[in-house]
Amino acid sequence: MKNYLTKIKTQNPLIHNITNVVAANFSANGLLAIGASPLMSAAIEEMDEVPRISQALVINIGTLMGKEVAAMVLAGKTANEVGIPVVLDPVGVGATTFRKQTVATLLKEVNFAAIRGNAGEIATIADVHWQAKGVDAGAGDADLAKIAQVVAQKYRCVAMISGATDYLSDGQRQAQIHNGTPLLPKITASGCLLSAICGAFLSVAQPEDYFHAMLEAATTYAIAGELAAQGLNPNQHGQFYIHLLDQLASITPQQILQYKRISL
Amino acid sequence: MKNYLTKIKTQNPLIHNITNVVAANFSANGLLAIGASPLMSAAIEEMDEVPRISQALVINIGTLMGKEVAAMVLAGKTANEVGIPVVLDPVGVGATTFRKQTVATLLKEVNFAAIRGNAGEIATIADVHWQAKGVDAGAGDADLAKIAQVVAQKYRCVAMISGATDYLSDGQRQAQIHNGTPLLPKITASGCLLSAICGAFLSVAQPEDYFHAMLEAATTYAIAGELAAQGLNPNQHGQFYIHLLDQLASITPQQILQYKRISL
Amino acid sequence: MKNYLTKIKTQNPLIHNITNVVAANFSANGLLAIGASPLMSAAIEEMDEVPRISQALVINIGTLMGKEVAAMVLAGKTANEVGIPVVLDPVGVGATTFRKQTVATLLKEVNFAAIRGNAGEIATIADVHWQAKGVDAGAGDADLAKIAQVVAQKYRCVAMISGATDYLSDGQRQAQIHNGTPLLPKITASGCLLSAICGAFLSVAQPEDYFHAMLEAATTYAIAGELAAQGLNPNQHGQFYIHLLDQLASITPQQILQYKRISL
């Protein structure tokens, strides 16, 4: 752990999010909790400006409209130009032709520092058959570590597959994060918020450290989830939603070191 | 009760929602809590695909934009083609000409399995004069059971009027649900979430059982509200918001049987 | 205090909000909590109708899209025509050219009863140099009371700068509100909700009393925040979010009189 968490709290980076209407409020509150500043905007009129004042860009296709694709491309290109990291969250990419085409366009036009999704989404990007259901993860038995590596190599980025175990690869290195709680997938946009938080961690790291930044982001988030679930029963979705924000604000580097369960 | 709740938890149906920006997050969390999978999308580019992978479609006009009407029509026609149930939530239909025209278009182009709204909204659809105020229910003394029946017969669907008492009709049968809590209308989108949950219950029922599915949906939701309000004072809007999600996740068929107050 | 709070709870005014996707749910719940009725709509097709059934209009540019500017102008002009108060929340106005142009257009086309923002936003409108960061307040040492006065005089409105101390001016009179809690800026859209609540207070006041209505709105909100923060530690963002809604619903005129810390 390189303690990017403390850097976020010190530097308070501005994270530009083009996200979906389901995740917008939760992602903004989660970014504030972790110590970053959220800026939500998908207006094409300002997509060549907002990335210039931001320290990272997070593109999430969860509830995109046709016109937003152009805004995403413009923001991504601007972010590439100024050199800030860009995260892609390909929500439900396997579900429709439109989403597949959108992600193909984004991957062609924009260089992503990281791509984060569930198994079905990342497998779709890797062109591996995976039984997905809508925007949910689906189930299957492919080699998730391998899929993450394929995507990382293909798009020269850090790829992360989120699930009960998180799989991380930068094409060479691999990591698995075993922290987490079954309550995380029970609240909507918990994956979207993780993508936003990945943006915050990348924003305070050097490009050669993006793998470690993503590793710390996922570990921090999963442990915050574990701490938030303490004392709750599996049906307390609402309470978990609130506790997760509390824990993202209070989690310390010491807790991360103490609770992390990572295999490399 | 035909125990559709258990079927939802077992089958985990995918519910396609075209909904408003106020309700999007809450509806998604509520659907997850009840055991369904939410998919929020209003992108016209994928409206002939998303219903094909979904088990129900819920159309809510709460904060629609002009271009979304075409998306709603396309999604509705696709849903009709593949035979999944479609729910209409005509939010604030009496408030503006645009909403009236939108609902008229939807009712002409799409066959709805169910229409759910408050008294003012359903009365507008029934062409009964009703003193509405914006998107709220307003007040009056018309015969609500009769209004539900008129709408059910006119549009060959199950009509539900939500309020302190819920009125349900499929044109022949009538039911009134006396469960609920004054805290439900105190949180925004509580009606929108009920419409989404109606979609979940319909998705696991046969068309000839839609009346019972709607009856169980409304009863389940109202009892979850009662349980969520236990121990709260009438001003604890925030706590109720969270408790309602918890109760939707934990409510059991036994609780529904124990607490239901229905007159047929 | 002229006890506008009680008037809101008695008259239950309908507040038309054109707001951003981050704030939509929270603002609606906050308006319900204070006793008003929210109506969220940015559909240009109904912008010449919704203000006619509303008692105030709140325009917030937080996540605007290009087409929404025309909707904002039309709604604003309609509101001016029927004489209801209009509030402007110029979110992040200093961040991009598009936002500056949008606010310039709005200020030219619409008469606002009140303009509320953070120091960076109001300073941008006053044409005072201010170091802003995205949609956040930034920091500086300009004379905030003077900036509020300049904006109030220039646009013949009540101007409010929100922060640890709130600065209020109608061009002649000045007030500072010292209530509040560091937790308020830790949750997203807390400023947006205050703007919506300003709309509710203005809606039950006469134009000559708008200064007092804004003073009471800001004081009520800040004290509700103080009460919501009681017993919480500075990291309990999630709990504060929920407690704030509870306190907005339960706060009494007696509490406002007891806790207010205002300098005139």
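Every chain is named by a letter (A, B and C) in the order it is written, and numbering of its residues begins at 1.
In this text, a residue touches a chain if its C-beta (ideal position, glycine included) is under 8 Å from a C-beta of that chain, and two chains touch if they have at least 3 such contacts.
A quick note: this is a predicted structure, and the numbers were derived from the prediction, not measured.
Student: Rounded to the nearest 5 degrees, what is the angle of the rotation that puts chain A onto chain C, matching CA atoms?
Tutor: Superposing chain A on chain C takes a rotation of 120 degrees, nearest 5.
Student: Give a one-word verdict, same or different, on whether chain A and chain B use largely identical residue numbers at their interface, taking over half shared as same.
Tutor: Chain A and chain B contact each other through largely non-matching residue numbers.
Student: What whole-Å value do you get for the distance between chain A and chain B if each is reduced to the mean of its CA atoms?
Tutor: Centre-to-centre distance between chain A and chain B: 32 Å.
Student: Give me the residue numbers in chain A that touch at least two other chains, ranges are fine.
Tutor: 21, 25, 241-242
Student: Within their complex, state which residues of chain B touch chain A.
Tutor: Going through chain B, the ones touching chain A are 14, 21, 24-25, 28-29, 32-33, 37-46, 49-50, 53-54, 67, 241-246, 248-250.
Student: Hey, which residues of chain C end up touching chain A in the complex?
Tutor: 20-23, 25-26, 62-66, 92, 95-99, 133-136, 186-189, 233-239, 241-242
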